[in-house]
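Pasting in a structure now, in structure tokens, and then I'll have a few things to ask.
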Amino acid sequence: ATLDDVKGRGELICGVNTGLTGFGAPDANGNYQGFDVAMCKALAAAVLGDASKVKYIPTTGETRFTALASGEVDVLVRNSTWTFMRDVDLKFDFVAVNYYDGQGFMVKKDLGVSSAKELDGATVCIQTGTTTELNLADFFKANNMSYTPVTVADDSEGQRQYLAGACDAYTTDASGLAASRASMPDAENHIILPEIISKEPLGPLVRHGDNQWGDVVRWTYYALVAAEEYGVNKANIEEVASTTQNPEVKRLLGVEGELGEKLGLDKEWAKRAIAAVGNYGEIFEANIGSGTPIGLARGLNALWTQGGLQYAPPFR
Amino acid sequence: MQEQLVFVRNQMLPPEAPPPGQKGIARWMRENLFSGPMNSALTLLGLLAVVWLALHVLPWLMHSVWNANSLNECRQIIQDRWGEGATGACWAMVRERWHQYLYGFYPQDMYWRPNLALLLLFAALAPVLFSSLPRKMLWITALYPATGFWLLWGGTIWAPVVAMMGFVVLWLVFTVLQPRLGVPVSAGIGVVAAAVWWMVLQAPMTDALQSLAPLRIRAVDSRDFGGFLLSFVIGVTAISASLPMGILLALGRKSDMLLVRTLSVGFIEFIRGVPLITLLFTASLLLQYFLPPETNFDIILRVIILVTFFAAAYIAEVIRGGLAALPRGQYEAADALGLDYWQAQRLIIMPQALKISIPGIVSSFIGLFKDTTLVAFVGLNDPLKGITQIVRADINWKGIYWEPYIFAGALFFLICFGMSRYSMWLERKLKTDHR
Amino acid sequence: MAEHAIDRSKMKVSDEVAVQITQMNKWYGQFHVLRDVNMTVHKGERIVICGPSGSGKSTLIRCINRLEEHQSGQIIVDGTELTNDLKNIDKVRSEVGMVFQHFNLFPHLTILENCTLAPIWVRKVPKKEAEETAMHFLRKVKIPEQANKYPGQLSGGQQQRVAIARSLCMKPRIMLFDEPTSALDPEMIKEVLDTMIELAEEGMTMLCVTHEMGFAQAVANRVVFMDQGQIVEQNEPREFFNNPQSERTKLFLSQILGH
Amino acid sequence: MAFVQDAPKDSFRLSMLIYDTRYRSLTIQVVVLILFMLFLSWLLNNTIQNLAAKDRTFDFGFLLSRAGYDINQRLVEYTNDSTHARAAFIGLLNTLLSAVVGCILATIIGVVVGVLRLSNNWLVSRLMTVYVEMFRNVPVLLWILLAATILSETTPNPRDFRVTPEMQAAGEAPKATMLFGIIAVTNRGTDIPEPKFCVGKPREECDADPNEGGLGIIDLGIFKVSLNLLALLVVFGGSIFATRRLKRQADATQDATGVRPVTWWKNLLILVLPSAALLWALGLHFVVPELKGFNFAGGITVLHSFTALTLALALYTAAFIAEIVRAGIMAISRGQSEAAAALGLRPARTMRLVILPQALRVIIPPLISQYLNLTKNTSLAIAVSYMDLRGTLGGITLNQTGKELECMLLMMGIYLTISLIISSCMNIFNRAVRLKER
Amino acid sequence: MAEHAIDRSKMKVSDEVAVQITQMNKWYGQFHVLRDVNMTVHKGERIVICGPSGSGKSTLIRCINRLEEHQSGQIIVDGTELTNDLKNIDKVRSEVGMVFQHFNLFPHLTILENCTLAPIWVRKVPKKEAEETAMHFLRKVKIPEQANKYPGQLSGGQQQRVAIARSLCMKPRIMLFDEPTSALDPEMIKEVLDTMIELAEEGMTMLCVTHEMGFAQAVANRVVFMDQGQIVEQNEPREFFNNPQSERTKLFLSQILGH
């Protein structure tokens, strides 16, 4: 089973993006950073007790699913959309949704367009190898509009083409659009159109059939969400662990109960994960939140208590 | 008539200088630049092209910035220095990231290891390329695969040592059996023995030796290889591993056994008939279907294997050319002396054919080296696209286009141009050598 | 050579001038190859040019049909002066045949096509006629049966004879030979020389660079000795060989006849 | 004479399998065959096991299901409702288009550069050397990326062509104008006029019709045949046939009289007139691209991804072709042109009758293998996202369906077929022109 | 050749059979090259084979050490029949030396290495011993001082002598020569022939294809004349040259002695 493999190996192999700003990319020293990467780190901390015991395998749109299917990676955290076909036909398990995204459009302000419905006849830049091209086709068809797709291989290429004016609109997940916009010298000249034309639940996925490993990934993720719900964060985790009276938090942090053992891990798995990368909110803020150049609002990804969709099932 | 016929010159005329218009810069210009209306037009066109290019590229190059932390900072500096609307090159990116272009994510404190490996590579190549060096140096060449591997990947020294011992086993088995069973059979048994060694004894042996004498350096994961280091590793490994395979394929293609010939031709034509990129995708997408379930190894290794196949098909054709250039007499003389097929190949034919093929092998290497950039498409960090993509994913450098391409392109040019000059020199030298 | 008696009676030399070279100089860059060359060739003359290697023999002969340009002096071939005028050059070339050391047959054409190419395209002779002429000359050089083979299928001697036939097909008034036998095996030299002797017997004006002294004695009516780009001595063959005047000629002859 | 009579009579012994030259090769081949079969069955077995383990099947049925994505360059009709097979076909056509255009361009550039490199113009030959070395020694991928970048960075936006009423009022000119008023180079592509036909209808009506008008088209189900094109092909074929006849006549006249009649203007007329007449009759006119909305409409858009890929491949391959051409011409010894000159042939004729026929034998085989390389290199379309075979079948289709094995095998098979066709052409050529030797 | 008196006394012919060819036939595709060849060579015989070009001389001699395969009939060399059996072929080849028209030395090996290669790898002689033997034979062919040079640095004559020494190093019982002198310049022919004569004097069994009639007269004890793949005439040399029987032989001799 994968869990045993990971433990035996002493290293978690995590499939990530070859480079997507804010979500996963190596920095000048070769250290991977980003929202998706933090998930890998949390997992490593939970399973192996050390957040740095991760090997990152950059995967492209074409190679990602094969890498997971062939066992080259243990888990794929690479902003992949959860779809029926991928889940059922390609035989993967999407264990959770760590980012609710949707496909949007970015256009230059001076184009004078304020709605995606006005894009009839436009040239649209779009990444290949994703679900976006299907959504795009469907959207234009549904609105009885025509368009010219300009397919691009990766985000940086898409941004380049868009900036150069090779397309009128750039479409990808709204988070990606925001990241791109943030890095532009004249961010104020670009707007993201209000229409979100698709649901893009992004999340980590594992191979079908290895339910134990799937559970580990799923609950590690929910531990991070739950931590936010209960106000547990990197800074106060030790203090909370020793003082909390909330039985659920106790169970979460391994003070009480044996949730960890049930997963095949130890008591403090979730505590380690939270201590290593912080809770969901912290991860969000550190990598893509409004404090970063990317500046994404929480939106759908706020906790359910704050009008979002992030919701951790009970730890019991 | 007879009188006028006879002529004897008593005084020899000294040589004279050519008439005016036959020398000097004016003549050179007239002959080389303006020797006709057509030529003059061409010259002017050429000049125009050069000037146009200079006008467009020079200002950009002149406005270079070397010190900045992000693209925006670069743009700011350029505007401050050369005024609103000026454009310029932002080499600060190269300054910050050059090590990734050269070494990928290889740990920075261990750059000496790939450097040393490269130096040793030259030492190992020297005796092959310069026949004047002492033959003893060939030992460096023979040991290089192990040392090079160990330096680059690190880990215990015993792993490569034990692996090399597998070759020793192969050789021992071969030499013991060969007089009785002939070359093909004993080579086959040798390979089987070596395979057994590697599969059964390699791991325990390594561990035992390691515990006896713990000699190890820090291990580096092949995922950390990138940039030109990756290109060199793939290129050099594939070319050297493809040589034996290419020789066998070339011999197979020349064989008079129909089946052997068909298989060789089939392999060569198949590999040469499909684009390298599909082979790379095979490495990353299809190999998992063809290998036994649960086998799983490094994508770099898989890529190297497929690239080796690719190179082998081309090397086989190069060597076939070398074989064709050998006169028939060499085969006949070897036969007449009573040498058998393999002895003749090893002692007479191959040494000569390989020598003739060296320029072809070098140009295959250049081609392959350039093609290693394609590994970007299976998610490896090649120096051109892979690393550039990573750099551009950094929010600081998002939006930089020309500089990374120019930098990587210039390095490629230097390396490839150097090698192609070298191979031309070799070709000339080989032509004047023997025969 | 001595096998069949050469009929010198037919080899009449007329008074008409075929080639007239006056004060001709030529440089290759700074190098003065031909110095003040003066030479008059009459119709029907057979001139053999010899001299040490590099003395400018080939250059001289190649100037005569303007394969090389001369820089000063005058060359008049059959009444036409060689200048930069293309028409004159064309005229001269179609009247002067040339045979090279390395045959220079066109390997992609059959023997017959080699021979008819120039007549058809330069002289505008109908194909049929050109072929007849070609066969006539091929018969003369004794290889009519090879007409439909390719040059690569012939021996060196045969190729050189084809080259001669090819020149003859243009019905030239003057033939130039540049060491026609020196790339040939000994057995083949004879067949080529025989062809040339036959040509001489028919009264062709010939300038021939060769070191075949037997040929010179048998056929030439004048031997020209060149050294360092100048004509050092010229004489009637018997006199030239038996009684050379200049020191250089003596030295050269002693070397060449020595072996 | 003592006669040695110990020759063993042929009776089969087992050792003969190894030591007898007749059986030896048989033995080896049988062993090789067995090993090869074992290897094959090992591969097959693995594949079957792996497929079973992943609970996948091996079937090409997905090719007939709806593709669902759009392709921006299509030579024949395609919508996102078409099948994956049709998408792959579009991709194949795009690959072939890029390969064919690339080969033609590369040949032209390569021949010009190769000849100029031999020219005695110092400057030009140096420039050509720089060109050749630059392109040969840098990965082709870089040239593709650079070409794409240059094309989209240095060309104007479609909006720059727009003339707004305010601008008109102020008398300002738009930032960009169309070349000759008919070609618009924007940073998306090059818009060129589209030929349209029109018979017996007002022009406006024809132009409104998305089909090309004229004689119309026949729908054969899988694909459609344009009758206009067909008619044009027939007429042009006829013209070519006629020029052939004319050439043969000229040859005959030359053979008979020695003088070759001047035919070039007759040829020109025969080639141009009938086709022109037909086109006129079909009501050929060009619809000039016009700025409508975001983009130019009405013309044909040549995408920059196509231009960049094709141009970069052509320039890269041309560098190699230039070397081949140079080597080919230099391989023909000076003696050949001297001999021709000595026979009185003019330089142009020498080139045509003597040098070229020989040089071509040397040039064409490596030239064709360069064509092969170029064709294979079109798979680098991935770098500029041109929708070639790899982009459709091996890209989006593979991604959407997850049928890696089927897609990759099919794609390799197609590339292999193309390569084999090209190289068998080369073999036929080689056999046809081999010089006869002793 | 006549310079030093050839000592025919040593050249004894024994009764033992060295090579026995019976009813041998060979085809190249459809072309019948050798027809019903019968020939017995005794130990110590020196046989010269001559005949017009293309008559099958080379083919015959190459069949004897199985460089070519024959299709019917029998060839027995030193008691071993040449069949498809590799062992027999190896055995025969190591006992029969062969010298080619174009020397076929190995250009990448020194002279000494050329000579020791086969003894070391085929006869498994220790290297030291092989080198001594090689030096002995190099001394015999009078070029011991060239031992460490490469073939490319030697003249044709020297190369051919090395080729002879190389064959001798295998201590063959029979030597085959295929026009050993025809690729050589005249001056060099003599040095090679001298070496061969010396070999003959030592009693080596030799089959030699050559057109050097002087050599044949001096050394051979039998001359075999072939035409169109068949042996037309064979005789003791003096008789053969002075009194040829067959018409073809006469014609051939007249041509060959003619020039």
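Annotations for the structure displayed:
Going by the order they are written in, the chains are A, B, C, D and E; count residues from 1 in each one.
In the analysis below, contacts are C-beta pairs under 8 Å (C-beta built on N, C-alpha and C of every residue); 3 or more make two chains touch, one makes a residue touch a chain.
In this text the structure is predicted, and so the values were computed from the model without any measurement.
Contacts with chain C and chain D are shared by B.
Steps from chain D to chain E, minimised over paths through touching chains, total 1.
Among the other chains, the CA centroid farthest from that of chain A is the one of C. Of the two chain pairs examined here, A-D and B-C, it is A-D that is joined by more C-beta pairs in contact.
Overall, the chain located most centrally, as judged by its C-alpha mean against the mean of all protein C-alpha atoms, is B.
The chain with its CA mean position farthest from that of chain D is E.
In terms of their C-alpha centroids, the spacing between chain B and chain C amounts to 53 Å. Here the spacing of chain B and chain D, counted between their Cα centres, is 29 Å. One finds 40 Å separating the Cα centroids of chain A and chain B.
Once the centre of each chain is set as its mean CA position, chain B and chain E turn out to be 48 Å apart. Counting only residues that touch two or more partner chains, chain C has none. Shown for chain D are the residues in touch with two or more other chains, namely 18, 149, 153, 382-383, 404.
Touching of two or more other chains is recorded for residues 62, 66, 69, 160 of chain A. Each chain pair that touches appears in this list: A-B, A-D, B-C, B-D, B-E, C-D, D-E. Put simply, chain E touches chain B in their complex at residues 65, 67, 90, 93-94, 96-98, 100, 102-108, 117-118, 121-122, 150-152, 166-167, 170.
Across the interface of their complex, chain B is touched by residues 13, 25, 27, 29-32, 35-36, 40, 42, 71-72, 222, 227-236, 239, 245-246 of chain C. Contact residues of chain D toward chain B in the complex are 18, 25, 28-29, 32-33, 36, 43, 46-47, 49-51, 53, 116, 119-124, 127, 133-134, 136-142, 145-146, 149, 153, 372, 376-380, 382-383, 390, 394, 404-405, 408, 411-412, 415-416, 419-420, 423.
Within the complex, the chain D residues that touch chain E are 1-4, 6-8, 10, 16, 18-24. Contact residues on chain A toward chain B in their complex (touch as defined above): 18-22, 25-30, 55-60, 62-63, 66-67, 69-72, 154-156, 159-160, 163, 179-180, 182-185, 293-294.
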